[in-house]
Amino acid sequence: MPHAIKKASKKAGLSPGTLVYIGEKRTAKIKIDILGYDESDFVESTLASVSDCMPFIDQESVTWINLSGIHDVAMIETLGQQFNLHPLLLEDVVNTGQRPKMDDYEDYLFIVLKMLYLGQKHHEIEHEQMSLVLLGSRVVISFQEKEGDVFEAVRARIRKGKGRIRTKGADYLAYALIDSIVDNYFKIFEEIGEQIEELQEEVISNPRPETLQAIQGLKREMIFLRKSVWPLREVVSALVRGESELVTEDVRIFLRDVYDHTIQVVDTIETFRDMLAGMLDIYLSSLSNKMNEVMKVLTIIATIFIPMTFVAGVYGMNFKFMPELEWHWSYPLFWAVLIAIFISMLVWFKRKKWL
Amino acid sequence: MPHAIKKASKKAGLSPGTLVYIGEKRTAKIKIDILGYDESDFVESTLASVSDCMPFIDQESVTWINLSGIHDVAMIETLGQQFNLHPLLLEDVVNTGQRPKMDDYEDYLFIVLKMLYLGQKHHEIEHEQMSLVLLGSRVVISFQEKEGDVFEAVRARIRKGKGRIRTKGADYLAYALIDSIVDNYFKIFEEIGEQIEELQEEVISNPRPETLQAIQGLKREMIFLRKSVWPLREVVSALVRGESELVTEDVRIFLRDVYDHTIQVVDTIETFRDMLAGMLDIYLSSLSNKMNEVMKVLTIIATIFIPMTFVAGVYGMNFKFMPELEWHWSYPLFWAVLIAIFISMLVWFKRKKWL
Amino acid sequence: MPHAIKKASKKAGLSPGTLVYIGEKRTAKIKIDILGYDESDFVESTLASVSDCMPFIDQESVTWINLSGIHDVAMIETLGQQFNLHPLLLEDVVNTGQRPKMDDYEDYLFIVLKMLYLGQKHHEIEHEQMSLVLLGSRVVISFQEKEGDVFEAVRARIRKGKGRIRTKGADYLAYALIDSIVDNYFKIFEEIGEQIEELQEEVISNPRPETLQAIQGLKREMIFLRKSVWPLREVVSALVRGESELVTEDVRIFLRDVYDHTIQVVDTIETFRDMLAGMLDIYLSSLSNKMNEVMKVLTIIATIFIPMTFVAGVYGMNFKFMPELEWHWSYPLFWAVLIAIFISMLVWFKRKKWL
Amino acid sequence: MPHAIKKASKKAGLSPGTLVYIGEKRTAKIKIDILGYDESDFVESTLASVSDCMPFIDQESVTWINLSGIHDVAMIETLGQQFNLHPLLLEDVVNTGQRPKMDDYEDYLFIVLKMLYLGQKHHEIEHEQMSLVLLGSRVVISFQEKEGDVFEAVRARIRKGKGRIRTKGADYLAYALIDSIVDNYFKIFEEIGEQIEELQEEVISNPRPETLQAIQGLKREMIFLRKSVWPLREVVSALVRGESELVTEDVRIFLRDVYDHTIQVVDTIETFRDMLAGMLDIYLSSLSNKMNEVMKVLTIIATIFIPMTFVAGVYGMNFKFMPELEWHWSYPLFWAVLIAIFISMLVWFKRKKWL
Amino acid sequence: MPHAIKKASKKAGLSPGTLVYIGEKRTAKIKIDILGYDESDFVESTLASVSDCMPFIDQESVTWINLSGIHDVAMIETLGQQFNLHPLLLEDVVNTGQRPKMDDYEDYLFIVLKMLYLGQKHHEIEHEQMSLVLLGSRVVISFQEKEGDVFEAVRARIRKGKGRIRTKGADYLAYALIDSIVDNYFKIFEEIGEQIEELQEEVISNPRPETLQAIQGLKREMIFLRKSVWPLREVVSALVRGESELVTEDVRIFLRDVYDHTIQVVDTIETFRDMLAGMLDIYLSSLSNKMNEVMKVLTIIATIFIPMTFVAGVYGMNFKFMPELEWHWSYPLFWAVLIAIFISMLVWFKRKKWL
């Protein structure tokens, strides 16, 4: 968390609209992928520079320009000039600390989302900011922080002409991308759900301080996810309500579906939070239980042996006149009494359910 | 919970409107029950294939088509084509991870609900998704996950012509089905209420770690129920407000009644949650109480015997010059003093309410 | 609580509008009291059957029909037919599991309330459902679960012609009844307030597990009261806003007063909840305090005597060569040292505030 | 709290508009102060009876009638008749259990507030209900429970003609009174703030059960204050929004200022609540800390001396064949070993940070 | 916190509009900085008295008057008269206990903000109230509590003509100032985030009462920040919605950006609060863990040595007839048995995971 803040504080004092890349340091050359398609045809190509985009645009087809990197501020700026995008929009694109939002610039729609997916090395959740510009009815520009995304299935559908994507406009493409991102949240949840289940068993069978830290870690993850998803819900809701004319009635019905999913996502996060809170209660009560157990052992030992030690101490005294000491059966009797006390103690503990 | 998520994540990347059955694996052939009725007459039949439905429809009567299974995606698709239903609607039908909702497609109304009932083997709550399509004023199509439902009473009323159901349209039938589902929630609550009462006694008389886990289990169940019921309230509220023209003014008065029930359901869940939270407090404090008891036993034993053992130790010393050792009444006096200490200790503990 | 649920689950599957009495079993004959009055005159009589009501109605006066029982479903049904009341209304009347609500049937207004009063045997809060039908401007019908209510003062005012009640219409009568019910909530609160005060002293001076259970019991009572009162607030608010034309402007000013009271009631419940939550904190911390005290006793005893026992043990050893044993003043010195240790220990504990 | 409820329950069953004084018993004669002023002049006088007010009213000046007592119901009733006030208004005036509210009777505005100030004997917060009637544009009537108020500064400003008060109407006077009351809340907060600071030090340095009770007492005070202030906010907000025509545009700007203050008051209460909740956490954890300390002392003592006592016990045994007993250096060696153990134990505890 | 209250209570009873400086005592002469600029030119100067401002104003340029101090009430009053500002506005300016707000006086807009920055001596958060008057389209007056602010970057941009600030009106300047303040919040958060991280490590590795106090201290800081930021959000939101005509459409797009930042600020505060709450849980559970550890040491020692001491005690008894005492191998056997017990105990503790 403090990471995002550190990034944001870098910008304090700069003129608004000044492009400053705020995010993890990267040096890789930004990949520009372009994908144009209409009902009958499609072109795909990887461009060397932003200015190469323009020839693709003036066609009847839908064009999707995807940048896999936003750390080259100059390139973003050139792109912005070419498509006549507002400087504040570009500023938001290169600032990875954004929360999900939608800004309506009348001629184009700007959407910021958080893309989550599981890294190669399993168990690790990758966060990436994805900005989307829906430019009129024919062009979508998407900006990612780095290579690797959740859009392969969309690309496949475009290439193979499967489904209705090739017959629809840019708004449908934008919808498809948002839908992919939201659908991938469930994969993340599957992973987290498994971690929670493991922790749940651990917290019951063998609670350790590390368990508590893992619970707290997941709680923090949930806080982060909630921050990503709550505003997303509003974004999709605004799209469904048709606040922008760039999204056609037709596509809005599909977005209603995405909206249902975002609500499921929110619900799931709340459920996870409740489960984690419950686990904390179990953890704390299991600490008390362990203490109880320790104390019982101590009490049992002490309660049995302290009185017996006292008796032994009595007959270790050096009083001149102690008639028991002289009697021949004293010692065997001593043992008999002790063993009787010992057994009745055990019975008593048994009845108290301490043993 | 992670179950529903696992299901949803299966769909990531697919083209929207692609029908994918998401739910428990089933292979049974889907049963199609059809029930047609008007004021004077009724027909009932079980169909082999979806296409056999059509002859029933073009009559003056109300027709209720009920599918007891949604895992045969092809059949659902055929049905959708026959009644001209939107692909996204069908997609929702076969995805059992939906939350309750109402979608208005103008010509027809789509309602998703969660049907809860107690399984044969008592004590087990069965969850099933029930989708409902109110198609114009004459047709209702209902989709269930499997055979077995809570509608027997509705069927009986139709067959016997009891009540006003035979004199009313499809919207009344839809209302009757929703009403049945909501009424059955109370049966579930009765069951849960009894479990809570049992736990409440256990938590006071004999709190064990298992009790805590049972409390947590019920809390999770409540979270799940709340997720099912909150959106239901909105669905019924929307119907009552008359947002769709397919529901007549007349039926809306009855839906107002259902709305009252959903609020009672919500209230009951909140009450249960409060009770479970209270039980957690009792559990934790009873752990402290038990510890207190253990500690008291230890302290009593130690407080009585440690000083006495000290005294015995003193007279076990081997100093040459110890006048008490020589005196004849020393030993009886030793015992007298010890017993006096013992009794006064007991009195003190009694007064402190430790005994 | 599970009681009300048990009742509601009885109805599952029945045709809506079917009258089923849901509540405690009763067999007493239902008493029908009728009270007619205008500015100059009043009649009062107890009727044998519902049909005897009608002659009273067609007068210029206001008529109040009060049924002290709702378990005779047939009688309720007859009454409903006579006054042309909607079947759903009657269903609600005989179902004691309702939450407070107001339904506007245009010709008449239906109001459900919870009447609370202290039973004969002090300390016991009686709950009773009170339904009210305001029929046009001249008739009020009230349904109670059993004999005994909080309306005696209203009756006295009608009989004696005190206040403005005799000069006003049926809406004022309805207001007077609601006002009586709300005013009686404060009597209940007085009782509960005293119980809370007693508990508060107990929790500080002598916290026992029973105290905790009493606190939890009151918390549950609060949950129930809140469920009764929150919707009541909305009911009165709707009446004040003049949503029904049956309530005249004039009476609405009086209802505003009732509304203020319902808000006070809600406030009081929240205050009680806060106080009970605070008592729980005190209870739990007093458990810790008691444990601390027990541990201190143990620690003081052990800390004083264990070292002294060790010293005594040393001089009980049988080493051949132990010069101290031979010295004449060893034993008196031994005691002197022990007593010095003892006193300095006490001083140390005193300074640590353990004594 | 139960006090206010006790009062309210006294009224159950009475006809609405019946004046019943509900509050602390008082017998002092009610003081009636009248203050008339216009830009150039002012009169001040203390009246014997309510009817003496009238001559003052028919002037061009603003008249402020202040009653320092509301327990003489007959006097209030006479006043009400003279100024033609609604019976429900008078009922509210003499009922000290009101929450802050504003009732608009078109010709006049009725405002109920809670006046708080510190009593003579410092540290004690006095609560008093203050009702205000703004009667047209020239008359303000204020009702207090007893003598002593927070309006001296307002009176001084009128007498000296300081500020703009003499040039404005009755609505400005009403504003000035409300402003005085709200400003005095901050004095109360100053007092409470100091108490909280004292408690905060105590809870860290020397937590005792009394500290907990003091915290809980302040929490209850906060609950009460919140109940007084939340509705006040709505009252002032309604005045600012200009819901009544009796308040001129000009004065509304000043009321906006009061509104800002009420929000600060609400904020402060929330802050205090948060701080008190934090102190509870500290209290509870300090109990655990103290227990830890006690346990450490016990454990240190026991861990050092129990093994040493065992060793002494061994050489106190009476076995015939125990070679160590015979050896000359055994006893010095015994002490050397014990001291070595003792020191290494201390080092170990030191390293564990127990000492 | 009590500090701000103390300040506010000073004003009780004063006539509204009376200027009273409420804040820390200061004596430094107030610095008046004036900065005038248009697209081509800029003047900068430090004035001796307020009246020197006027010549700067009647130009075509934008003028920014900045007062670094508000404790000279007379100066503020003169300034108010010169620019014809409302007395209540001036009262708010000199009262440092304001919450952020915006008041629209039609001809000018009054905005109060909280400026936060890190003091010279690192780790210390400085709070300062910043009031802003946007006077028509050409003048901005800003009031600070003392010298030192977060506007250096804005001044630099004006001086160097960087960015678009020189080409825009006073509303853009006001925006730039607000933006600087909000951007600086992130610097504060960076600092706090680091403190939280340090605490998080400490609470796990070495929890001490001081750690708890540090956590509580940060929690209080969060409460204060939230009080500063929540209303700020509303202020910026009102500006974005265009409630005042003094803010042009053009600048509103930039304010939308600030609004996004304020929401990020709010989010961050909530995240910090959640993290601190989680740390409290860890702290409390680590106390239990430490207690568990202490108890284990005690129990292990006691469980091993108490039984062995008992055995030693037995053979220290002085019974005449004790055959073991005579046997030659008794003593070696005694040791053998004890060591066996010792080892098996250790194994048992190992298996219980106590060692």
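Chains here go by letter, A, B, C, D and E, matching the order in which they are written, and residues are numbered from 1 within each.
Everything below uses one rule, namely that contacts are C-beta pairs under 8 Å (C-beta built on N, C-alpha and C of every residue); 3 or more make two chains touch, one makes a residue touch a chain.
Quick caveat: nothing in here was measured; it's all calculated off a predicted structure.
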Identify the chains in contact with chain B as well as chain D, in label order. C
If you apply the touch rule, which chains end up adjacent to both chain D and chain E? none
Take the average of all CA coordinates in chain B, do the same for chain E, and state the distance between these two points in whole angstrom. 43
Calculate how many whole Å lie between the centre of chain B and the centre of chain C, each centre taken as the average of the chain's C-alpha atoms. 27
Specify, in ascending order, the residues of chain C that touch 2 or more different other chains. 284, 288, 291, 295, 298, 302, 306, 309, 313, 316-318, 322
Line, ring, star, complete or other: which describes how these chains touch one another? ring
Name the ring's chains in order, please, starting from chain A and stepping to chain E first. A, E, D, C, B
As the complex stands, chain C meets chain B at residues 1-2, 5-6, 8-9, 11-18, 86, 88, 91-92, 97-99, 101, 103, 206, 209, 212-213, 216, 219-220, 223-224, 227, 280, 283-284, 287-288, 290-291, 294-295, 297-298, 301-302, 305-306, 308-309, 312-313, 315-318, 322, 324-331, 334
Touching residues (chain side chain C, partner chain D) in the complex: 150, 152-154, 157, 162-165, 176, 179-180, 183-184, 186-187, 189-190, 193-194, 196-197, 204, 253-254, 256-257, 260-261, 263-264, 267-268, 270-271, 274-275, 278, 281-282, 284-286, 288-289, 291-292, 295-296, 298-299, 302-303, 306-307, 309-310, 313-314, 316-322, 353-354
